[in-house]
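Each of the next two complexes has chain A plus one more chain, namely chain B in the first and chain C in the second.
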Partner chain A sequence: MIAVSILNRLIMAAVTLFGVAVIVFVLLRVVPGDPIAMMIAPGASPADIAALRAKYGLDLSLTAQFGVWIEAVLIGDFGTSISLRRDVLELLLSRLPATLELAFAALIVAMLIGGTVAVIGTLFRRTSLEPAIDTTNGVLLAVPDFVWALALVLMLGVFIPVFPLSGRIDPTLSIDFVTPFYLLESLVRFRFDVFFDVAAHIVMPVLALALPLATVITRILKETLLEAMVQDYVLLARLKGMSETRLVLQEALRNAVGPALSLTGVQFTFLVGGTVIVERIFAYPGIGNMAIDAVINRDLPLIQGLVLVFGSIFIVINLAVDLLAAALNPRLCHG
Partner chain B sequence: MTENLLTVANLSAVSDREDGVPVLRDVDLTLRPGEVRGLVGESGAGKSTIAKAILGILPRTVRITGGRIDFKGRDLLVMKPRDLRNIMGSEIALIPQDPQTALNPARRIGFQLADGLRLKRGMSAKIAEARALQLLADVQIRDPDRIMKSYPHQLSGGMRQRVLIAAAFAVDPQLVVADEPTTALDVTVQKEILRLIRRMQEAHGTGVLFVTHDLGIVAQICDSVTLLYAGKVIEEGPVRDVLETPQHNYTKALIAAGPRYDRPDAGLEPVPEAVFRELRQEIGID
Partner chain C sequence: MAEPVIVIAPATKPPRVPSQLRGLLAEQKVLFGGGFILLLVVIATLAPLIAPKDPLEQDLMLGSLPPAWLDGAEPGYYLGTDDLGRDILSRLIYGSRIALLVAFASASLAALIGTVLGLLAGWYGGWTDRIISRIVDIWMAFPPVLLSILLVAVFGSGVHSVIAAIVIIDWTRFCRVVRAETLAQAQLDYITAARTVGFPRFRILTREIFPNIVPVLIALVSLEMGIAVVVEAILSFVGLSVSSDTPTWGGMIAQGRQLIHHAWWLLVAPLIALFATVLAFNQLGGGLRRALDPVLKR
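Now for the complex of A and B:
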């Protein structure tokens, strides 16, 4: 049952990715701008330019170019970055972990903040705290990630400079990472000096990405929690003398998280998209930051690779969310 | 004459949702230990309001304006919240109307059944589980081991109601309030559930306030009956007396409207409009 539906999803994922590949490929070729023009030395002869075009396969027809590219991608060859002159796959793999750490840290922080505020709002329903929480959350709901980023830079980077403004790690720290997951690796290796430095660097970009999602989670989760709190089973549990906190956490929460969870899945893809601008603001060396450079330089192979990576992330997220929802809902996993 | 387990006296309430419309008008009602009293009336008569008032779970929009609810001689309406919490779910338990919504869909039956035992009787998880297993057998559930591990959606409505009955009687309460416990069930299941409630009630010597809109059910399970209309007690007494020699025209009309308690195949005449007019005049509503 579950295996079949996962297989279905994987086939759908492959189809989706192929669609994404086609669209980005065509789009990149119809948008004006010439990558070769960005890389030639002034005064290059037409013959030199033609040679370069041939080298990157840009002299072929559109369909032929696509065929060459897709065929190569299928065997793991994403081509060579035009601007960085390095293997695209290698570039992606070296930068992706930084973005993954950032995005997942932001996701966890968003769920913690959003969930906690929703639970507090539910516990204090019909008190004066509730409208205060609702109003504040309603206003913050409209604040996008890059505004949070700029506000955080001003508050925690400039006025009260507690966190470093840019980068991922203090370059003077001596540690040879064996994996590109700095945050995880330093923690696992008990290098707390390094861990705290990496954590300090990631705090502001994480918050900038997490806070918009947290407000969404709070909004929807508090609503479903309040709905669950008036259900008969909560009433019965209250009669049995269960404390209000346990009523919310044990009785209501599991029945209320469904909608918040699926929405979090959708919003998480926006969060991953948000890494592009947020990584740029904090000069954080992930694939988002790299994407902006790739676009500026019209680095077609790199952009294509990046889009496929982002597309894959979105698909994996959606799959994970569905599986998680099934795992949490006994109706779906026990006949 | 034994002392009453429950005495509701002059209980009045209004609905703040509907501009202070009276919901209960000077309601009197008594229940002796081990007695099953039917609380009957058409929809909106105020039956659930009385049940909720006893349990202390009235919605905010319903306000009690007078009267008292004595449980074992102490007025629940003026009791300290702490004492109330000790009584509710322990000495007074509820069998809810809708078994669909009264069990937590995300928790296994066994845990939900053990809640009351752990929270109200201070049992350890292990002992509560053993006791829960016994309770499921008491309510005639076959294969209680499997049911303990099941989620509510895996059980039929009748099974769920059995679980809820087991949960209500688990703590051995003196008073069980049952708010239309069979209304949401199939007719065939209804009968079994009624018999089960009666059996559990007799085995535990529990007083039951049985809310229903069905005189036929009253005839089957109750010792005494209180008939409500628009929040007012119209007639009251032992079931046999009320059903065989009804005093009020409304009661007579209801019995005629049937399905008749003694002949379920007959009846079904609507209550004449004139009877309602008389009723409203008597109560003083226009």
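Now for the complex of A and C:
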């Protein structure tokens, strides 16, 4: 039964991804602004232009172009970037790890901050600290990543300049990385000078992405924790003489974490979507920043590749959330 | 067979009473959020009367002046000037026009499309629901910021493109919520009763279900307005919104980000305006939801 349900979801995911491919393809063919016009030298002959068109397949009919593209994508050929003149897949693979590192670091930080604040709020319920936490969290819930990013630039980049404002690593520091995962690799190789530099660069973008998610986690987790605290099993544990802290951390948290976790999963897609603008603000070399340049340059093959990558990430996250929810809730497994 | 209970059931819906207005104002969030938005609407409408200077007037002799409370400020330029000597306060005041225009236009249009599709999907089910839900799924697989940039690139920059882009992206928010609400309402006794009595299906949807979704919808529209203001700022920031000689908060933010080491106040002023506006829409939305929802109120 579970295998069938997973297979079903996979098929649905494939259909969704195909829909994404169709939409982005159609959308891009109606973009005014000729990508070829942006790459030819002034005074190129009509024959040269026609040759370039043929090279990028822009002379075929719309459906033929789509067929050619999909066929190529299925065997891993995403075409050549028009503005950067490099293989799209190669570009994507070189930039994706930076974004993945950023997104997962932000996810972990969000869970740590959100979880900690929720637990503190639960421990100090019915004291004056609780309304203070609730009000602050309620206000911060409204702050989007874009505003956080710029506020952090001002606070930690300008007023108290502790973190670098842009980039991923100090260019004078660069060691020969074997993998594109700078943060992980420098840690594993014990190059702590490099690690701290990469970490210092990533702090602000991570916080900008993590803080909006953290406020959501705080709200939902605190709600479920408070519900759990009045359940019989917590009462029983309390009667056994368990301390309040252990009650929250050991008994309530274990049962409250499910709903919070699946909401976090759904919200994680928003976080990944937020990398586009946050990477732009911090000039962080990930796929989000590249996407904005690709759109501005009308780089059709690159935009198509980028949208497919983002779409796949979103679909994988949603799939993972569904499976996680099923795994955490035994009733759903048999349903 | 005809039990009288069933006949009177449609009439037992909670009646809409004018005392709701008092309940609304008692909700602090509605008061503060709504108050701020109202103030902003007045400022935007009366911008030419309120703004101390012409927002486009350049004076290179007075470039990058700090705000009034810092050393080196000039009288009359309360929040300082940008690098071209344009008055920041005046630009902020005029910028609220674009922000509010985008907020109201895009949120109401997105609500309209999303609500109609959500009602149809939730009420008629079957293929209608399957197709609409699949489209929503596909939509949700696009990163919204990237899609908005893409759409504005397709439509060409300008305030209409920005509004269109936000509507095309965010109708799904309304669609999902309205569909879920419709499904929930359809389970309730008053709908069963209305169907038993033999009301036409479409009339039940418009006369019975829709009015009960309105409270959630109003709250959602307010939240969406906050989102729209941010999206407009992001598009201006990337340089894709309205033309650069119209003052926008996002455009001011982009300028401030570039000159951050030179004149930080260029970034602070529009950022605070943006934050306050988003917060106000959010508080208003949250407050309305609480005040209008009879279940949450209890």
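Heads up, the rule we're going with is that the second predicted complex is superposed on the first by the 317 of 335 C-alpha atoms of A that agree within 3 Å, B and C clash if a C-alpha of one lies under 4 Å from a C-alpha of the other, contacts with A are read in each partner's own complex, and residues count from 1 in each chain.
Note that in this section a residue touches a chain if its C-beta (ideal position, glycine included) is under 8 Å from a C-beta of that chain, and two chains touch if they have at least 3 such contacts.
Just so you know, these numbers come straight off a predicted model, no measurement behind them.
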{"item": "Contacts of A:144 with chain B and chain C, given as first, second, both or neither", "value": "second"}
{"item": "Residues of chain A touched, compared between chain B and chain C (which is higher)", "value": "C"}
{"item": "First (chain B), second (chain C), both or neither touched by A:232", "value": "first"}
{"item": "Partner chain(s) touched by A:241 [first = chain B, second = chain C, both, neither]", "value": "first"}
{"item": "Partner chain(s) touched by A:178 [first = chain B, second = chain C, both, neither]", "value": "neither"}
{"item": "Residue ranges of chain A in contact with chain C within the complex", "value": "12, 15-17, 19-20, 23-24, 27-28, 30-33, 138-139, 141-144, 146-147, 150-151, 153-154, 157-159, 165, 269, 272-274, 276-277, 280-281, 288, 291-292, 295-296, 298, 303, 306-307, 310-311, 314-315, 318"}
{"item": "Interface residues, chain B side, partner chain A - complex", "value": "55, 57, 85-86, 88-90, 93-94, 96, 98, 101-107, 112, 115-116, 119-120, 150-151, 153-154, 164, 167"}
{"item": "Of all residues in chain C, those that touch chain A in their complex", "value": "134-135, 137-138, 140-146, 149-151, 153-154, 156, 226-227, 230, 233-234, 237-239, 253, 257, 260-261, 264, 267-268, 271, 274-275, 278-279, 281-283, 286"}
{"item": "Touching residues (chain side chain A, partner chain B) in the complex", "value": "231-242, 250-251, 254-255, 328-331, 334-335"}
